[in-house]
Each structure stands twice: as structure tokens, then as C-alpha cells.
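Order of writing sets the labels: A, B and C. Residues in every chain begin at 1.
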């Protein structure tokens, strides 16, 4: 299985061209759109999402992760194997939290280059062919060089910010709920919200936070939009109040 | 074939995780996105859409229908077999019109529970595995209990409201065109519109209503957006004028 | 492989129903969403996109192209074979630039009609079955009549307008970069922008134009939205300044 984790969008040509490459070069391998609407060009919040959502996938899944503001520059292209899953994408921190939380991890630089490499779309031209090769035949050692992936040691283990707003208006933070005191409140956008188990446990229109289905602390409003009600967007700070 | 009928959106993680479950547990079965943008948390308008769009699918199709504001509460999970198609989802009225219009229908409660059941995402954890099982091996009687599905007898046979606004701005009502007098006008948003056969039969910029390609009475503007021109949104009342 | 090039959107029922037809009638053939958000009802800008993106696909690809404001009228339905790829859709200019730039091209009118043909959704009822047939069994001569496809000789070889704005806010023109002087500037929305190789070659926040990954001249802002910064939308004129 190949899972796509990108800021490419679904409606325009980018995800489609990536899938056309995968369909040609890894025929029959299921391709799943995990996220196509990551914060455009912001690898840091995306990294905390990937660490929450990537390990949910079965062993052997190839995760094609592309949030790539430095495409066409000298940033490297990398492959990371972490706890049985393989991540392919730019060397810009996108895999930092996956690496940090993995029991067992290795990294490579992708040294292979396709015949035609556009300056702006390595997702299609470079990362998709490598992901296809891995899905079909395992790690292509001839395409790779053992090499340290760039690390971002100053990034926190949990990011006290909003990292994603979904289409319901729920706002995911980069905080793992299991790392928070059970009775902690969260504050964001000037509002303090208490924890609940799920939507139907609070009155209609009430704001709360809960452990979402992938373990992140998420701020929501039952029957409403937390992003609008609390003024939350990518990067809004989230404070833990005990 | 499995068709998805949800308010999950496509770009974020929800539909993707459902598809990952289906790809793992029902490998090779085509999965179709029928609707991913149903009115969030509103089973009633969705029920009229499902009754119009579900029966269009081939016999044997499994329709995974999830508009589930009560997820994590005590609402039941159900399977409905109606005229050769199988519907899986929450017991909140989403299948009421399918049941009411079916020649032959049966219902079950889903008593099986997965090892890990999140409080907020039964689409992924409960309904998708059941749908996969049905698509692969037919009705899994050990997972089900013969049980009346909750009925909503006060819901009308046709809903005189806007139930969906598509991305062109066309507004579908919950009224079947074949139930209306041929020469009826519709009124909505303070405007009265006459019937036409299709877009190209009225002048550019004109509002009209027509029988859409699945039988619903739909209000549209040739070359324009009916939602903006007439101020239509989910729940806007539609009146039949003879 | 079948690639979809439409204004149908992905979230609502239209693309899903097309894919359900394809899954039934061309089982196992990969279906790729190339574009689902073409300018609604505007075949001309779409034609310049299709000529840039269609030939990127492998030989034998079937491109289902539907931007069809005249659906239900007397406009014809056509099949075009151009340089080894096959295009299926309405006879409204959508294939004009593909035809004009092809080394080798042929065209047919689709004379076959399905048992049930809705007045408003030929993408599902007419074009998808024909595309499926072609993908599975080659050109179905019994469904076709050799016939000139309507030509649009007054359309320019390159369209000096914005033809697409992607979800990052980058604005593609209908101009092929290779047809422009290397050092040309472009002017649009009252702003003049110089050429760059890619995003990371200009300062954060700077506007520029570049040859995008399919050869079109595209106006972008590094780390920003060109559509908002320069006021660009479909149809905005683009001037070449030497």
C-alpha cells in the first residue's frame, strides 16, 4: 500500500500525475490519499501529523510525504525506514518526528535521478518513482546512499500549536493526548476548553478538546466549527492548563 | 463495489483511512466516492439523497453511509439490505427513505465490535470492516442481530427543502421530479422558477428547475450559480406551485 | 489507463458515478483524476490545459474530457485519436489544441446512444461507457462515424490568458514557455514579473513566472498566493513583454 501525504490538493493535476506514475510503475498496488491538504509549504506542522497518522498504517506501507517548499534547491531527497514503514520525500524535517518516535529507524539519501526532472515537481518526477520501486521490489539500494537524514533537534517532542484544521472546522494540535494530564484544559484563541470523550458527550454548540482517533489533542465544537468559534488556524498556539 | 456516502471530505485523513481499511480487508474491490461532502452531521437531508443515488448502483453494491453526529453515544449501528443493495452505517434515519421506498428490505443491528473502537470514528473502525466483510463474503450473520432498524415515520416521503448544493451552485431538493405535476413551478429563496429539460434549453443566466440525472428536482441557473442567485442553502424550503 | 479531465468536482456525485461506470465496464483499468476543477462550463481555457497535460500520459491512455455547457443540446459527441492517445468528450473545442498540435490525429462522431441518456449528464451516460469500451477493446467502430470534428480556427496557438488557478494560488497561462523569448517578462493584473527557474530561486514573497512542470508559463509567488497578490483569475489577460 502507498499512502500519499502532501499539500498537492486532489482536484488539480498534481495528485493525479503522481497517481499516474504509481499506476504505471507499481501496477496493482493500492494508493491511498491520507492527506492532500497539508499546510502548503510548512513541513513542521505536517511532521507532527505524519508521526500521528503514519504508524496507523500496516507494516510495509510506503508513505510518500511531500511538503516541499525547497523543491528545485539543494535540499536532499530521502528515504526513511521506521518501525516497518517506509517514508519517501524531501529532507526538510517532514520525517523528524517519525524518526524521533520510532523504535528502529534508518535513513538514506536518494541519489538516483530520473531522465527528466522538473524544477518544481519532484513529487511526480523523483519521489513517486522511488516509492513505486519500493512498493514493488523493496528498498532500491542502487538508488540510495546511506547517509544521515538532517535532524531538527530544536523541534519539541510535541508541538503546542494547531497543525491542521479539518473540513468540519475541528482543529488538531501537535500534542499527543496521552502526554497530557488527564484533567488538563487547553487554551487556544483566548478560550479555555475542558476535555471530553467525544462530541455527543457535550451540549450542542459547546467547545471541548478530546483525543482524536489518531491520538492527537483536538479542539472541536459539537455541531459547530471550532476554527471559526475560537479563531483557530495553522500555527495558533495551544497552552496546556493543569 | 463499495460506494462511500459520507460527510468526511476527501482531502483530510478520514476518507483515506476508511479506504485503507477497505483496501486491506476487501482487496481488489472497487471503492467509489459517491458523496464525501454531505451536510455535516445532518442525516435527514442525506437520507433523501441516498434514496435517489443508492439505487442507481448495480445489484450487490455495498453502500457505506456515514453522517453520524451521534458517534460514540448509544445510537446503534445497522445494516440494511434493500432491493439487492446493502447499506452500512449509523441507526439515525440515514436509511429511512431507502427502506421506505424499497420493494424488499431487511435490517440488522451490528453487534460485532472491533478490538479498538475510537469514540469518534466508527466509519473507520466499525463500519468499514463490516462493509469490507460484506463485499468479500456476504452478510456476516455472526456480526449481526436481526433487529428493527429505528424508523422515522414523521419524515415526509419527499422533503420540500434543499438537501444538497453541488460545486456548480446547483441546488438539489428532496423532491422526486416524477412526483410533481409536469407543469409545476417551484419557489425557493423568494423566487419562482419554471421547469426546463436541461441547461441549454433556457437563456444564459436564467433560473429554472429540472429533473436531475438521478430524478431529484434541482434548481439551477444556466451558466451561473443558483445558490448565490437565489440564496439557497441546505434546509431552504422549496414550495411546489401548480 | 483512463484519465479524467472535467469540471465535475470530486466531492459530489458526478465523478463518483463516472468512476462507478468505468469500474463496471472497464474493470481493472486504473482511473486517474487529472483535473476535476476545470473552469466550469468554459471549454476554451480547458483546451489549452488539456494540450499541455494530455500528452504527458503514456501511449494508449484514454482521456475522458468533459467541460460541457451544451449538454442536452445538439452539440455532437466525439472521439479524437492524437499521437497515440484517445480523447472522448463533447464537440465544443475542448480537443482543438490537442488536434492542432498533434503529429497524427483522427476524429469520429459518437453515434451510439445508451438505453437511458439523461439530458444533463452525458459524462456518466455516454462518454464514460465509450471510454470504458475503448480502454478495454480499442476503438469501437460500430459506435462511431468518421466525421470531421468541429474546428475552432480563430483560437490562437497559445492563449494569452490565465487558464487555471491551482490550490496554492499559482496561475497557469495558456502560453507554452518554450514559445516565449527566454528573457521575456510577463504582465498580468497590472504587474510585471520576470522569469525564474523555480520557487526557491526568488526571495520569499516575490512574484515571478516560470515554466511549470508541464511546459506552461505560470505566475507564482514564493511562499504566497499569486492569485490574490496580483488579482488573477480565469480569463485575466497575460501580456508578453520582451
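In the analysis below, a residue touches a chain if its C-beta (ideal position, glycine included) is under 8 Å from a C-beta of that chain, and two chains touch if they have at least 3 such contacts.
Bear in mind that the values here come from a model prediction, so they are computed numbers and not experimental data.
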item: Fraction-based call for chain B against chain A, same above half, different below; value: different
item: Angle (degrees, nearest 5) of the CA superposition of chain B onto chain C; value: 120
item: Cα-centroid distance, chain A relative to chain B, in whole angstrom; value: 30
item: Residues of chain A whose C-beta touches two or more other chains; value: 9-10, 37
item: Touching residues (chain side chain C, partner chain B) in the complex; value: 7, 9-17, 19-20, 23-24, 27, 37, 40-41, 69-73, 118-121, 124-125
item: List of chain B residues in touch with chain C within their complex; value: 1, 3, 9-10, 30, 32-37, 53, 56-58, 164, 166-168, 197-201, 210, 212-214, 223
